[in-house]
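You will see subunit A twice below: alongside subunit B first, and alongside subunit C after that.
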Partner chain A sequence: MSEIILQIDGKEVKAKEGMTVLEAAQSAGISIPTLCHHEKLEPYGGCRLCIVEVEVRGWTQLVVSCVYLAAKNLIVRTRSEKVDRIRKMILELLLAHAPDAFELQDLAKEYGADKDRFEKESSFCIHCGLCVRYCAEVKKKNAVGFVDRGTRKEISFIPGIASKECWNCKECFPLCPTEALQAAFVLTKALISSPPSSELVSVGIGKD
Partner chain B sequence: MLRINSPEELEKLRQEILSRSDPSKPCISICAGAGCLASGAGEVIAAFKAEIEKQGLTTDVNTKGTGCPGFCERGPVVIIYPEEICYLRVKPDDVPEIISQTIREKRVVDRLLYVDPTTGEKAIHESDIPFYKNQKRNLISYNSKIDSKSIDDYLAIGGYSALAKVLFKMTAEQVLEEVKKSNLRGRGGGGFPAGNKWEGSRNAPEPIKYVLVNADEGDPGAFMDRALLEGNPHSILEGLTIGAYAIGSHEGYIYVRQEYPLAVVNVNIAIRQAEEYGLLGKNILGSGFDFTVKVHQGAGAFVCGESTALMTALEGRAGEPRPKYIRSNIVGLWGRPTVLNNVETWANVPLIINKGADWFTQFGTEKSKGTKIFSLVGKITNTGLVEVPMGITLRDIIYKIGGGIPGGKKFKAVQTGGPSGGCIPEKLLDLEVGFDELTKAGSMMGSGGMIVMDEDTCMVDVARYFLNFLIDESCGKCTPCREGIRQMLKILTNITKGKGKEGDIELLEELAEVAIDASLCALGKSAPNPLLSTVRYFRDEYEAHVKEKRCPALSCKELIAYHIDPSKCQACMICLKKCPADAIEGGKNRIHVIDQGKCTKCGTCIEVCPARFGAVNKISGQPVPAPIPEDARTLVRKSKEQ
Partner chain C sequence: MNKGRVDQIIEKHHGEASSLIQVLLEIQSEHHWLPKEALDRISEKLQVPLTRILYIATFYKAFSLVPKGRHEVHVCVGTACHVRGAPRILDTVQDLTGIKPGETDADLKFSLETVNCLGCCALGPVLEVNGKTYGNMGPSKTAEVLKNYE
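Presenting the complex of A and B:
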């Protein structure tokens, strides 16, 4: 694969063709905040926190770096007044759902986000889809999925699969940016509503 | 049915069909579009068939269930050829008279004609009615000429001649050039030049390519695509096949929402008929070109009108847009080059091929060519589908074609482009309709929804209404759209309930900016348009709600009160009896008073209060006058005073 050179925050960065801007930045030690990104998973472009400014042929555009491909001579700015303003708002919107998530709190500090800006609706889930995608793409089990859409969208375990697969896995728990509570809670709910089984008694939850 | 193996055979069949039909033989065309069917066209068609049989005219008269001619307000619409006599709001009871008078005696049934509400003049022919007269009906005029379920009817009006021309007289490049020259822009919302999109796909190296019809028309109040797909499905198939030939595709899909059952039925019939004639499938017309079409029914998601969400849904997955920085005409359905165009865009293609790009570009403005169909709805006298040349002013559409605002009310705004569009105020009514012009005004062409609003419409509530629609229709994948809409809707709801706070308008603007800049797909990026356009043009209404707790349109329930003017109340007991909440006190010769604590603000009292009294008022932003004292409530009638 051929090598390309692009400019990120004024620094020349080498990248391989096919790499995303995020990967190129990370390889050069430049940090871009993410919530829904995971190196083992396909880019999702859901949280939009990794938004950056790119300059293509003199045009400045806002793109999400986890999806946008690095290209020769591309100029990337990972911070700008606009980028920061967007990230601050995204964090404030998510903090209404998961006000106690450490990851969000740390980012809030960085971007000056006010966790009380919007009325709390503590559903915890911030729809990053990490549990759903990890289960589908890495474990190939599809024990957890999204149901419904829009603001009613939520993650849900499929009891028939979850009661067989989740007991020995639980690899999705630590992925959750809201401190594992979400997947654990939803899994318990799914299993409680499924037919009783001795296996289900100690799923190992209660880390609250 | 015989398979047609060459353009010559196609022409021969066309001549045969034409020779079978006697142009002087009366033909009764009854609109069998969804709108007219809902107002009883099915019964009217049955009544015509029965009456024709009863009067022994079966061989002398034809009847046809056609597509929608557009004048839905006055349906069921019946047109009698060859004279083109147009009858409106026809009921089964009118049928015997139409047969005995118009068909037998060649006399016009006066009472079923269109009457101009201002001049009182009657119009006999469709083309005399102002609603039609001021349109340019390049596409939709065919709807009423053909039986939507008959391929022979489509052939009779020259159908599939463009396809034959393309397959035998033009190279794919020539087709592409012609479409590019016509500057046909996508009718589904984006306005992207179709020719450029096609060229991108044609030049993409991947050998398997697809062509798609976007018939997932989901805007509230929009039904242009439905009318075309129901009324003239072959024109879409012909356009699609020509597109497939131009880009080198052999497989096409029609993505149609399942809420359009009649369109699904008609297009499936059309596909079967075209296959039987050899106009679809292997070796079309003996040209060696293969092309098949399948119909896919959407499961009722607005977001699937977005190109990548539509393709994801077509692939069998949840209809969510993918984060695209590569155009889908290069990497689309199943990762292959895919041309997706809207129903109306495809319908234009056979006309462009047959009549030429120069014919097409004579209509419209410099950058928006051709005609556009709008569904004109809301507070408008003539509800229906209108096809107009691009560049016509909004004022002409609303007043000349639409007949203005009913009930002597004042025009306030017109919302174009569906939930992603914006509201355009009266001062911009002379705006020429075109893709770029509407975008500049803070709205968009969208797929062509046009909702007219009068003085009674609250613009804050309109913004709330559209965001409330979108909150259910956002796929929920990305934060700025899912959470941004959630918060914008909350704030707007609060404002309409009188709970707006200082700074709310600015916060709305901030949320809107983030949704526009950071959302994944066009749904989120355009979701704030109704909000931003109403803030831009009607900021005073927002401020009145927030600062004075007043709804200037007297529409937001929580900000208004009903009050009976004691000096006007004639104690007629009508409102008192009709009030569903028993909130009106009073009696015979006792002036009526509304108990504000019990009133549910349903508005019944104001509706039933006789106009000659006009005693009930709606008030907002000011305290309700104290009820008059008990001992002053006895009505003293003026006549008795003397």
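Presenting the complex of A and C:
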């Protein structure tokens, strides 16, 4: 493993090859806000909050640091006017979905994001995928997954698997930055505890 | 749809996980929807988690997790068809079948969907039944066409 030296916020940072900019920054004690990042999981690049400015051969571009690989002589700026403006916008958009999420509110304070800027569309889920990926990658149970797409995309437990696996695990609960996960779980619990026919359950998933 | 037929289709694709969408498409076209039993079988045979199958099955509009009718009626409501009278065609179909777009009637005869363009605007307003295209439709002609399907 060869070492790479890059510059983050004016500080020389050593990184190993294959490390992302986010990991390099964290190892040097520079904090970059994240929502969908988890050290046990593969990089996902879902929330875009860890966006930073990088300078390669004099060209500046905006990249998502959790999926952008650290490279030699890279100059990274984690806080600039542009970066802050984009993060503020991302937070405002996410707050339209989950206005009461504490994690989002704390970040909103830091970036001056207005939670009432956009019309509320409380789906509570911000599609960070933490629960879905944790269940698949760490627990290898695949009890919870995404269904549908676009504006209707949401998380959903598979009743058949959830009834066997989830009661004793629930490790995904503390990962969720909002209340969506718990809501989905309560819904599934209700589905399972009033024994419906198998067909009803299959129809129930993701449809209405 | 029986288990044997699902297995046959999976066998045809050598049980490879990469053929998941092909397998789903074949079951959808034969059976008109994807029953839970079939999805469970595919998950088991192709070694693909059920969450992934459901993600795909709900992502693409070609798949349905609820029973569909024997005949799928698509009414084009794209711009060209709209100005040529698509709303009247849609009304006629709704009156004749008693269902709204996205629904299936009780005896599983028709399923109705609206589509945004079928790519043959010169024939507008266009109606498609089971993949067969009917152009230059009017309310009475629509009734004639639907009568041919049992």
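Quick note on the criterion: the second predicted complex is superposed on the first by the 179 of 208 C-alpha atoms of A that agree within 3 Å, B and C clash if a C-alpha of one lies under 4 Å from a C-alpha of the other, contacts with A are read in each partner's own complex, and residues count from 1 in each chain.
One rule holds in what follows: a contact is a pair of C-beta atoms (placed from the backbone, for glycine too) under 8 Å apart; a residue touches a chain by one contact, two chains touch by 3 or more.
Since we're looking at a predicted model, the values are computed, not measured.
**Q** Does the superposition put A:161 against subunit B (first), subunit C (second), both, or neither?
**A** second
**Q** According to the stated criteria, A:142 is in contact with first (subunit B), second (subunit C), both, or neither; which is it?
**A** Second partner only.
**Q** After lining up the shared chain so the two structures overlap, which partner does A:39 touch, if you call subunit B first and subunit C second: first, second, both or neither?
**A** In the superposed model, A:39 contacts neither subunit B nor subunit C.
**Q** With both complexes overlaid on chain A, does A:64 touch subunit B (first), subunit C (second), both or neither?
**A** After superposing on A, A:64 lies in contact with subunit B but is clear of subunit C.
**Q** After the superposition on A, what does A:48 contact: first (subunit B), second (subunit C), both or neither?
**A** A:48: touches subunit B, not subunit C.
**Q** So, A:132: does it touch subunit B (first), subunit C (second), both, or neither?
**A** In the superposition, A:132 contacts subunit C only.
**Q** Quick one: is A:12 in contact with subunit B, with subunit C, with both, or with neither? Answer first, second, both or neither.
**A** neither
**Q** Applying the document's definition of touch, where does A:81 land relative to subunit B and subunit C: first, second, both, or neither?
**A** neither
**Q** Between subunit B and subunit C, pick out the one touching the greater number of residues of subunit A.
**A** Here the partner covering more residues of subunit A is B.
**Q** Which subunit A residues lie in the overlap of the subunit B contact set and the subunit C contact set?
**A** Residues 146, 148-149, which sit in both footprints.
**Q** Quick one: in the complex, what on subunit C touches subunit A?
**A** That would be residues 35-37, 39, 49-52, 54-55, 58-59, 65-66 of subunit C.
**Q** Any idea which subunit A residues touch subunit C in the complex?
**A** Subunit A residues touching subunit C: 132, 135-136, 142-149, 156, 158, 160-161, 198-199, 201-203, 205-207.
**Q** Residues of subunit B touching subunit A in their complex?
**A** 301, 303, 318, 322-323, 325, 470-480, 482-487, 490, 510-511, 514, 517-520
**Q** Which stretch or stretches of subunit A touch subunit B in the complex?
**A** 43-49, 51, 62-64, 67-69, 82, 85-86, 89-90, 93-94, 96-97, 118-119, 126-127, 129, 146, 148-153
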